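Same chain, two partners: chain A is paired with chain B first, then with chain C.
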Partner chain A sequence: MKSHRWYTPWLLLAPPVIWVLVFSLWPFINTVVLSFTDARPLQPVNPVGFAHYERLLTDEQFRYALITCLIYVVVCVPLLTIVPLLLALLVEKNIPGIALFRTTYYFPVIASVVVVALIWGWLFDSRGIINQALEWMGVVDQPVAFLVDRWWLLATAILLTVWKGIGYYMVVYLAALGNVGKELHEAAMLDGAGAVRRFISVTIPSVRGAILLISVLVAVSAMRVFTELDILSNGTGGPGGYDMSIVMLIRQVGSGLNGNLGYAAAISVALFLLTLVPLVAIALLNREKKAKVPA
Partner chain B sequence: MSLKTEHPVEEQQEQQEQQEQQVIRKDHSYRRKGSGDFSKPTLAGLIGRYVLLTVVLLLVIGPFVWQLSTSFKGPADDLYTFPPNLIPTDPTIENYIKVTDLIPVYKYAWHSLLVAVGAVISSVVLSLFGGYALACMKFKGKFIALGILVSTMLLPGEVTITANLLTINSLGLANTLWGVFLPGAIAAMNVLLIATACRMIPNDVLDAATVDGATTWQRIRHIVWPNVRGMASVVAIFTFIGQWDDYLWPLMVLTDPNNYTLTVGMAYLNGNFSPDPRMIAAGTMVALVPIIVLFSVMQRFFFNGVQEGAVKG
Partner chain C sequence: MKIRSTLAIGVAAAAALALTACTGGTAGGGAAGPVHTSGELSGTVQFQTWSLKNEKFTPYFEDLITAFEEEHPDVQVDWIDQPGDGYQDKILSQANSNTLPDVLNLPPDIAFPLVTAGKLLDLDKADPSLADKYNEGGWEAYSQFSGVEGTYGLPWYLGSDESWWNMQQLEPYGVAEESLPTTSDGWLDLAKQVAADSAGKVKVVSSMPGVDTFVSAGIKIMDDDSTFVFNTPEAVEIVQKYADAYKAGAMPAESLTGSYGGNAEMYLQGKVAYATGGSGFAGDLRTKAPTLLEHTVATPRPGTPPLFVQGLNVSADSKNKAAALAFAEFATNQENQVAFTKLAVGFAPGTAEGTDEVMDAVSSNLDPAQVKAMQVMFGALKDAKATPFQWTGAMTDYLNQQMALAIRGDATAEETLDKIVQHANDNRIDK
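Moving on, here comes the complex of A and B:
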């Protein structure tokens, strides 16, 4: 029995397939090709070989952007892997009113980064409520330059990312915890294990997969940071552009009528390779673990 | 009747026993469902839990509430006193009107709404078609289609953003809302999500419909759609939030302040006018409130969808 004409599935699948080809696969190939040329808008294109990649190695601006992103990754990964797990355990049990808490904890996730960054800008302003509170408590005499100093700006942006991301990863953990049986906890309890012991010996091993997944997701998205730093620094990337992220640099280099598209493409390729690192690392880690199990 | 009158004592005893049993069951609630839970919280534990929940709640909504309060403060309100005034002493809605002197906030919100609603419609409809074909139809080359869809899922959008801008420019869509909307009209991820939901529909049901002469369109409309509505609402929520909140892509595409979406407009307001914090607060609330309301209304679908996804792995 024939339930459909041969071309029907292709008609149905055409839009998503064409979209992926036109807006993901083709631009990716185009990016790689452009990175070996001196392309600029409205000008003839000449191949330049690896010149842009050589420039990456010595470019001071790229080095600062790389450092900013690596700090972002190193600080965000542990915080956004551990705190959401604790929060998920807190809201896991169905006690009265818990839906309200869960929903509210998700508000920072659904708010735009732009909105949150503008709120942050007001909270951490030199005369903002945080500085007022610190001065009132006598912790500091002068307002802290949260949005002006290179390191404070980075710390404020990271705090924003963490605050905004906790709810998202909490929900991922909730889904993972839903698949963990109660029996293990009961058995551990009968054996006299306390809450901390059960957390370490039962909860963590049973959500190990989610922990690995989340640490990769956090690492990749931290590498791609843009909006937080852009809004908090008013698009400047902080004093001297030291707080510019890689994506900010791509935009700065590649946009405008005289944008260096070739070099921007080379930075884009570098960003892509950097986002692959955590994925490869986790794949290797998983294989090692599997190899150990039979022994 | 006669039997009962002959053995009144026995009957009474029986009744008494039954009553006793019922009483026993009432007292020993351990027989009830779920009562075997060892981790049943104590009262102190429960109170501690609520205290912690409330502390986190304050940390989460505190910044939003402070911004909301600032947006309603009049010129006579001192923004910089400490301890702060959470309730405005000179409450006003003026800020929501005055902010339009600097940037057309409501026009920008309309632009964001157009892009977001457009993307929701195209995503849901086209993912439904694609997901159905992928999950429920047999055809040659399915793996090629699947391969293309999956191929770029690990590719961050930021990597291709320069090249995508070249594509949009060459299509003549630079500086238009169409240019903002087009690349996000469908996402491979959404097609795969709907396909997962479609796989839960028994094949027999679809076959039976085919035998009864239902066309592909009728099968999608009357069998598939009612079954995947939950997943479709997850796709819709995520798409709306993603488009409404997006910043980098509209920032690249839109060069004329007349065409800005809300996020780009807010960044423009913040960067170019160094305005009164009250006005920024009003603008951020215009961007924030619709999405909070939408999510609160839809959150039931959302958390259900997340759990469904977990079970299906």
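Moving on, here comes the complex of A and C:
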């Protein structure tokens, strides 16, 4: 029987390897290299060493973008990790009509984020329905500057992200909860554990994997937030650019016929490193917890 | 060990390739030299427009190309049209890959980086007789690229802005058409008075000050060295007046994050009683807010009106420069520009003459408000001035962000202008 030729495995591997090299590794290397140059469209490229990285340390715009993204992470991670779990517990039971609630909670996930952000822009406008309602109820005398004030704009964008993400993560938790054995809850009940105690001691440890996964996903996407802030601030990042995210800053710096591609690449590399932080932290946390589980 | 050295070589090679990846052009000014268009012309000319292939304009361009091909039977013109969005990126990719069309439509700000990279033909050198045939301001807009001699575009169609007033909102507060302010100061004073009388319900300031505001006020934007210098006491005074108007309730909060088009949009929604826009805005009013049109009055913008220029350019790398230049001249001659601007209602031809001809032709088909708006705009064109093309979109973004702080009172006008000018000089396109 004739054996396979030596290159057969390489041929089989070639399509995915070429794909990864061309569409992942090459752009990544290109971005890193560009970050050490003064590249601009149509201009000769010269190396500038670490100048762009030094500029990052003092760049006011980058500082604001970083603060915005970190606040996004700090607020979104707990909200989008805990609220969908509670919601999943509510809709987990197979009672008549529950499918309607599950579907309703999932609706925001289906809607395009661009369309949703535009609608939220109208709702929170100074003459939008939210301000009109607040004025009608006598809560405020003047419209609240939801889309102009630094903190209100950030809060509105975070609310949108949370509202839109809850349904998706709820479905992930529903799948995880489906794998939790009923006998664990029954045993805990026999031991006298109440609902809260069972939630803490049975449910949470059982869906720990899902919690970690969701935390990582939310943290990474919060660091890379773009659409919500871009549309609600009309692409400006709000007064002073205080509500600009890092991705928005990359676009502002790097786009156009005079885009500073080198500096935009340096910000991209910084964003890459920043997104690694929650990944590594959660991976370490996971390993630590596993190590503590008794044999 | 072997793997490590192979990897190192691979990374080094990739780095070297990456380093060369975005160099698309030759450094320095544009290609130059006389180009003779009078002899026998032949070959193919690629002609690129910007979002003009549609029901309204396609027949015009087809007729234009047919007429040119009849004059030059051995020339074939291939017309391509690019979508409105992402045009700059498309141009960039064409320039980087040396696939710029022979004749293309570029406004001066988009043309400038291509000029510095030597991608466009110097039309003044190619045919020195051209200058007198075009609108002076339009010709200048393609001739004053800092550090580069020559002219790199033929003015094609021109526009300007005017002031639009909603008299229905203003009349209850004693504002009459005859007494509408003609100066920026008068307008800002009126805005504060109306805001006070209406308890903030009627807002007359719809956008933040921009570079065009300073151009309009006659403030010097750049010095001879192309350094931005508009952080003057006069500019500080203007910004402070806007801040006072905002404080008095004369500006909607959304204007602090609004784009240029946003102020017209707010006018259409009835959020503001004043907007700036071209004469084509009357058409928007007629279709989107017809009841508003009858209460709207158009007047010249106070100060120096802005000039918006579109032009046709010829690629320096064209394999068929003579035919390309001949077609660009043909498309922008008075007869063809007049025919074009009769369709593109609200714009004026970029030629030295022809506006009266357009006015006579279109006035019988338009409603009186639009005719008046066109008269106002055409009248303004002789004094209109373009914003320096060295001022980029990214600079505008930064200006808007910082200006919003000054208008809200979170930063002083002086600090804000200093920051904006510093940022613009740090990011100069010609440095």
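As a convention for this text, the second predicted complex is superposed on the first by the 273 of 295 C-alpha atoms of A that agree within 3 Å, B and C clash if a C-alpha of one lies under 4 Å from a C-alpha of the other, contacts with A are read in each partner's own complex, and residues count from 1 in each chain.
The definition used in the following text is that a residue touches a chain if its C-beta (ideal position, glycine included) is under 8 Å from a C-beta of that chain, and two chains touch if they have at least 3 such contacts.
In this text, all values refer to a predicted model and were calculated from it rather than measured experimentally.
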Touched partner set for A:L57, first chain B, second chain C, both or neither: neither
Which of chain B and chain C A:G235 touches, first, second, both or neither: both
Greater chain A contact set [chain C / chain B]: B
First (chain B), second (chain C), both or neither touched by A:L261: both
Touched partner set for A:V196, first chain B, second chain C, both or neither: neither
First, second, both or neither for A:W120, with chain B first and chain C second: first
Chain B versus chain C as contact partner of A:N30, first or second or both or neither: both
Chain B versus chain C as contact partner of A:F272, first or second or both or neither: first
A:L12 touches, of chain B and chain C: first, second, both or neither? first
Residues on chain A lying within both footprints (that of chain B and that of chain C): 26, 30, 34, 125, 127, 234-235, 255, 261
Interfacial residue positions of chain A with respect to chain C in the complex: 26, 29-30, 33-34, 37, 39-45, 47, 125-127, 142-143, 145, 147-148, 233-241, 244, 252-253, 255-261
Chain B-facing residues of chain A, complex: 1, 3-4, 6, 8-10, 12-13, 15-17, 19-28, 30-31, 34, 87, 90-91, 93, 95, 98-99, 101-108, 110-116, 118-123, 125, 127, 129, 132-133, 135-136, 163, 167, 171, 174-176, 178-179, 182, 185-186, 189-190, 220, 224, 226-227, 230-231, 234-235, 247, 250-251, 254-255, 261, 264-265, 268-269, 271-272, 275-276, 279
Chain C - residues contacting chain A, complex: 11, 14-15, 18-25, 27, 88-89, 91-92, 95-96, 110, 112-114, 116-117, 119, 200, 252-254, 256-259, 262, 271, 392-394, 397-398, 400-402, 404-405, 408, 410-411, 427, 429
Complex contact set, residues of chain B against chain A: 37-39, 41, 46, 49-50, 52-53, 56-57, 59-61, 63-64, 66-67, 70, 79-84, 126-127, 129-130, 132-134, 137, 139, 141-142, 145, 148-149, 151-152, 154-156, 158-167, 182-183, 185-188, 191, 206-207, 210-211, 216, 241, 244-248, 251-252, 263, 266-267, 270-271, 277, 280-281, 283-284, 287-288, 291-292, 295-296, 299, 303, 306-307, 309-311
